[in-house]
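In the part that follows, the structures are each spelled out as structure tokens.
Two complexes follow with chain A in common, the first pairing it with chain B and the second with chain C.
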Partner chain A sequence: MLRLGILRTIAVTLLALMLVLILVIPLLPFYDPYTQNLGGSLLPMGGRSFDGKFYLLGTDTLGRDMLSRLALAGQVSVMIGLGAVFVSLVIGVALGLIAGYFRGPLESVIMGIADLQLSIPRVLLLIAVAAIIGPSVTMLALLLGLTSWVSYGRVARGMALSLREREFVLSARTQGASATWNIRKHLLPNVMPQMLIVGSYEFGQIIVMEASLSYLGLGVQPPLPSWGMMVSEGQTYLALAPSLVVLPSIALFVLVAGLQFLSQAFTSENEVVGAPERSKP
Partner chain B sequence: MSVPTHEAEPILVVRNLSIDIPKADGITRLVDDVSFDVRPGEVFGIVGESGSGKSITMQAVLGLLSSPLKITSGSIKLRGRELTDLSFEEMRKIRGKVMSIVFQDPMTTLNPVLRIGAQIGEAVRLHNPSMSKQDVNRRVLDLLSLVGIPNPERRARQFPNEFSGGMRQRVVIAIAMANEPDLLIADEPTTALDVTIQAQVMAVLAEIRQRTGAAMVLITHDLGLVAETADRMAVMYGGRMMETSPARTMFEAPAHPYTAGLIESLPRIDRSVSQLYSIPGFVPDLANRPSGCVFHPRCAMSNGRAPCREQQPPLREVGEERLSACHFPEEVAAWQAEQERLIAVPDGSVQPPAAGASSILKVEALEKEFKVGSAFFGKGERMKALRGISFDLKQGKTLGLVGESGCGKSTLARVLLRLLDASGGNVFLNGEPFLELKGSRLRERRRDLQVVFQDPYSSLDPRMTVHEVIAEPLRIQGKYDAARIDQLLEHVGLTPEAGKRRPPEFSGGQKQRIAIARALALNPDVLILDEAVSALDVSIQAQVINLLKTLQAELGLTYVFISHDLSVVRHISDEVAVMYLGRIVEHGPVRRVFEHPAHPYTQALLSAIPQRGHAGTATERIILTGDLPNPMSPPSGCAFRTRCFRAVDECARVEPELAPRTAPGHLSACLFAGEHGPEAYARQRQPEETDA
Partner chain C sequence: MVHFLAKRIMQSVLTVLGVVTAAFFLVRLAGDPSLLLLSAEASQEDIARMREALGLNRPLIVQYLDFIWSALQGDFGVSLRQNVSAMSLVLERVPATLELALTSFVVGIGLAFILGIAMRMTKARWLREVIMWVALTRQAIPIFSFGLLMILIFSVWLRWLPSLGRGTWSHLVLPALTLGTYELALYLRLFNASLATEQRQDYVRTAYAKGQGRIQVLLGHMLPNALLPLVTVAGINLGLLLGGTVVTETVFSWPGVGRLIVQSVSQRDFPVIIAGVFLISLMFVVINLIVDILYGILDPRVRLA
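== the complex of A and B ==
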């Protein structure tokens, strides 16, 4: 009980910190994340430019305010993460439930696709697509979503396999319920808690993935900032201004760690779900 | 059964034992002031429904209580040594050496990745660390032969998954007996086993005890088993001891209204009764234990009298060797006699089936084959799960289907419900060929045939409200009507308010009522009850059985009642079909089959059931040897011949037809159909043990 409480407290604290960064900071009268101030480039944290402006977290190579850029980059990351999680969850749950409920050839085909999917290196696929279509935020979210449905699909199929034999599903079938009815009314509500756990875990993974791609220049394109891209831009000045690399890394760490802890906390709370609630005296 | 020596010092003395569990809203007392003795060499039965505290009490004796459960007061003395204040290390030396336990489920008690020999050897070595390897091995083989496992050398090298359920439980017993303990605690040792296997395991236990002189505490919910096996027994309810008395007299003259109520709730294997007594209400919530006598709110004799409500009755002597925790134990006998009179069926009042009754469910030569093995690799073998099943069920009647696990009775239910496709044969529902229906026509007709499953926990979607659960069939058929749902809830004895809550808030019996309400929502003609009362406690089981009988009378329902419990089948059915390895081996009117069974298998089943006053010794009853054969390669000829005490060479060549052999309307599939009592069985040579 106590352990679970600690886990959740950490998760909530970290995520609250992030919420402040990406939602509250942009509302406050800080500097515009795009405005360059070449007279005040590479300022350290708490530094003042020659024109007397105060920068809480310093500035980057072009003299742009680090705090505002971190906040904006956070928004971009979260948007991409949410979009990708949504896309993959919908695809994964749909395919997983269909495979698990109908079994037979349909299941073989869907799970075959899943195996193929896992055998294609995701980064190479993304490089190819980005090279052909050209990178954009929407495309990134879509692509990350399309390539990460397998974890949802696997879990959903596994649960569907046991749920379809549960007696409330059998009894609905004897009452004349169609497959659509059973999947919608019985399977979906029962797999959703687990799917959200997978989702909160995948969310973190996707954000790390997005950062890596942006670091490689395949993700978010300038002038829109992204944490990965900020690391990439800052590494040239690592000795001179380490905060350019350290700050976005910390932001990334805080968000992803918060999400992982949250998913852990969900998991422990949901362990009993689906298990028979029988108790032996 | 050894004669307990009354004078001897008790081996186990439990005094004023109380066990608490701290909860968020205070402390709940699970076991309250329980005292009892176990004497050397005797079998002491503890009976109670779920939540009575019987298992926790014995876990405390073994020092196996897991936190947060805690012994708050009382003493447990084993051979005069106080156990409650022993350290873990000291307790470890006692467990397995002086006393040991046999758990309920042999599937989970054994470690699946260790060989059987190694697991028994472990138990031997734990208390004899200096024993040489050869000696340990010799002891393991001794133990395996002791519990009647053939080919011990070969079997010791096998893994648990190569053993059947009954054989595994023998291994568990071998482990428990490894160090010849003085006290063996058996917690529902045969509940997970079939009745013929149960008889084997109980015989093994009796033999071992005779040889080692160990005393045994038998914890069970099965009154019949206790009555037959135990020397003395105790009845627990709501964490308290209600009664202790000699097992032989408990049935004839219970000294507590709860015991009497339980006895009257039991369906009888030996005679028909018009209806069962059912203890009203539910097992109490221990967090709010009723004041005074814990049983008084459900007691038929209390009538709200002040002492019952206000004073907790102490466990006091009411006769020789008999203790009762009731204020008015002398009234029990009169109440029980009155009940016996009320439920008796006058002779000849059973009507023969009306000649004109219309056939509602007709099954002709139904077959079901499963393909076993991978579709891609390997040959893929076929398993015949159902072979030539035929019967014709009339409107308003109940067909009881009995047989041990693996006989195909649940497969039959699923094929009838079209949850599985038949491999051959026909089913006519109201004269219409049900197996040929397709698409929307099938979905529409399915409403005529509904089902109630065994497990009340998995048959209701935990995420729906009860209202939604019962509404589902109506919504599927597009006929939602809120008033109808309230009416259904009232039909099964629940209030419309219950509809707002969710299934996990209800007890097992209530859940089963909800499942019945859902099955009735579409006004079916036939209800398939697949072990529908098997998971329920005795007193709750009687309530549900009475409900089913009432509903049948009111609504003219036809039941297919599937159960492994022959007493319940006898009580509820008009005709009964006995299945073995996918075939019906005997079929006839219920009284005829139970009173004059024609097939040796039916005779063995009936004989294996522990019951009151039976007190059977091994020579008086039929104990089948061996396990169910592998259905993938059934024996040639009669499938039962490998376990049959009547089998001759001809049985291997000819498969007997199901035909009237002993009386018109009473079908059986045996070349030697007719009555073979235990005497006939005793005359036969014992067939050699077959290991599955």
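== the complex of A and C ==
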């Protein structure tokens, strides 16, 4: 239906753009993302402040440079996203492989917990926890990671179920290989490629979740910038200075679309990544 | 069937119990509730008296069971800001949230249905690709960004639709479009995949062999079968939509449960937050249960053993 080559090219282009924003822009001599310039607040793109400074993407309400804030916010989001993906991938793969390899009551317990977690909307869980414990960057990455291991767990378990019956695993077992050895040396390498595809999709989901929490004021806290928070700050000036909302939204889109298209391009036509699974009767 | 039902209902009860338990410990983690109610200058005796009045001097397990018992009766305590029961504040907002979620659900399914059929019937490849790209692009824009872009275009620039609040049908258009189209790409891909599966079935070949036309086969024979997976996933997503209402309601100042929760967070009104989270989780669980039961009724092939 879609030419996968085009999808892949667009995905790579978008991600390259994002890398330029978060890695190259901070190296260039633009303004400091925290410095306020009250002689030049709410400047449009390419505007000049009273003291004659030039701002490529304009300034926010406090006269801070939009471009360098977008770049710093991107770094923050990507760090949180990578942390969360790492946490959820480790937990999900470990639990999924254990459930699929050992089967029995252990499997029932693990998959039961997964079902339970799926049956509570994730946003609400995160809101409740963030509201009560109070968010920090580390806490955010940890929370997002702990609440998104289920997709990895389910896929890993499914693959482990068939892998454990394959000849190379059986022969290792008859030669006395321990369960730990089998899981580590035979199962893990075989599920990793699929896990990374799930990971690139989940990475996008986590970025959206973090941005949404920050938009609600429950994610990244000032003075650290975040795209979601920048949108919520700019919302009041939507009619006056739409770029305050539009620019962070574009940045979010570039990263999320890049990740989603990438995972889509590596999935075959009839599989649908991210489709919620109904509990098996 | 009976066994499956019993298992699913057990699971739902466990989930609700899990939510209440999590709520209890989260509130305890937040600190001593008596300190939240008293001013900073309260003396040691004041605190002790307040703790006794709130029953905080009892053993934790007794407090926990008491909390569960009142929660199951819908009693989550009194709002810390307004002197009303937390649950009644939340219940007031439920109709607005349900209105938004159900409208968005219908908008999403309706669009997926029309676009999916269009993609099947058209011979123009470019049209199919345009539809898919639009859906994929939409999926990559978070709800709050999309909502604000809609406000910018239709309220600020064109001045066609109101941007805030609830009232007439025109208030519902932008929020429902924002929330309803979020999963469009997923629906379209599912719909396409299931239509493609049906295409290969024997009964389709038979229908063509009898001399029926493309449109007749598609609408009369394939559609009823292809709709089932779409309806199931959409049903499960109705629950996810409830989660999405939190952000949508905040963007459009829609007076629903989600916005109440977000407002209560900034006021640190814990009983209201917990009651709101509990109620949305409850709706979520109940909807999932209904979808599962409906699925068994709609498709007799599903073995509910």
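Going forward, the second predicted complex is superposed on the first by the 262 of 281 C-alpha atoms of A that agree within 3 Å, B and C clash if a C-alpha of one lies under 4 Å from a C-alpha of the other, contacts with A are read in each partner's own complex, and residues count from 1 in each chain.
FYI, a residue touches a chain if its C-beta (ideal position, glycine included) is under 8 Å from a C-beta of that chain, and two chains touch if they have at least 3 such contacts.
This is a predicted model, so every value here is computed, not measured.
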Which of chain B and chain C A:132 touches, first, second, both or neither: second
Partner chain in contact with A:177 - chain B first, chain C second, else both or neither: first
Touching partner for A:150 - first (chain B), second (chain C), both, neither: neither
Residue contacts on chain A - larger count, chain B or chain C: C
Contacts of A:166 with chain B and chain C, given as first, second, both or neither: first
Set intersection of chain A contacts, chain C complex versus chain B complex: 276, 278, 281
Contacting residues of chain B [partner chain A, same complex]: 30, 50-56, 414, 417-419, 442-444, 446-447, 449-451, 453, 455, 457-463, 469, 472-473, 476-477, 504, 515, 518-519, 521-522
Contact set on chain C toward chain A in their complex: 4, 8, 11-12, 14-15, 18-19, 22-23, 26-27, 29-30, 119, 128-129, 132-133, 136-137, 139-145, 148-149, 151-152, 156, 186, 189-190, 192-193, 196-197, 232-233, 236-237, 239-240, 242-244, 246-247, 250, 261-262, 265-266, 268, 270, 273-274, 277, 280-281, 284-285, 288, 291-292, 295-296, 302-305
Interfacial residue positions of chain A with respect to chain C in the complex: 1-3, 115-116, 119-125, 127-133, 204, 208, 211-212, 215-218, 228, 231-232, 235, 238-239, 242, 245-246, 248-249, 252-253, 256-257, 260-261, 264, 269-270, 272, 274-276, 278-279, 281
Complex contact set, residues of chain A against chain B: 166-168, 170-178, 181, 185-186, 189-190, 276-278, 280-281
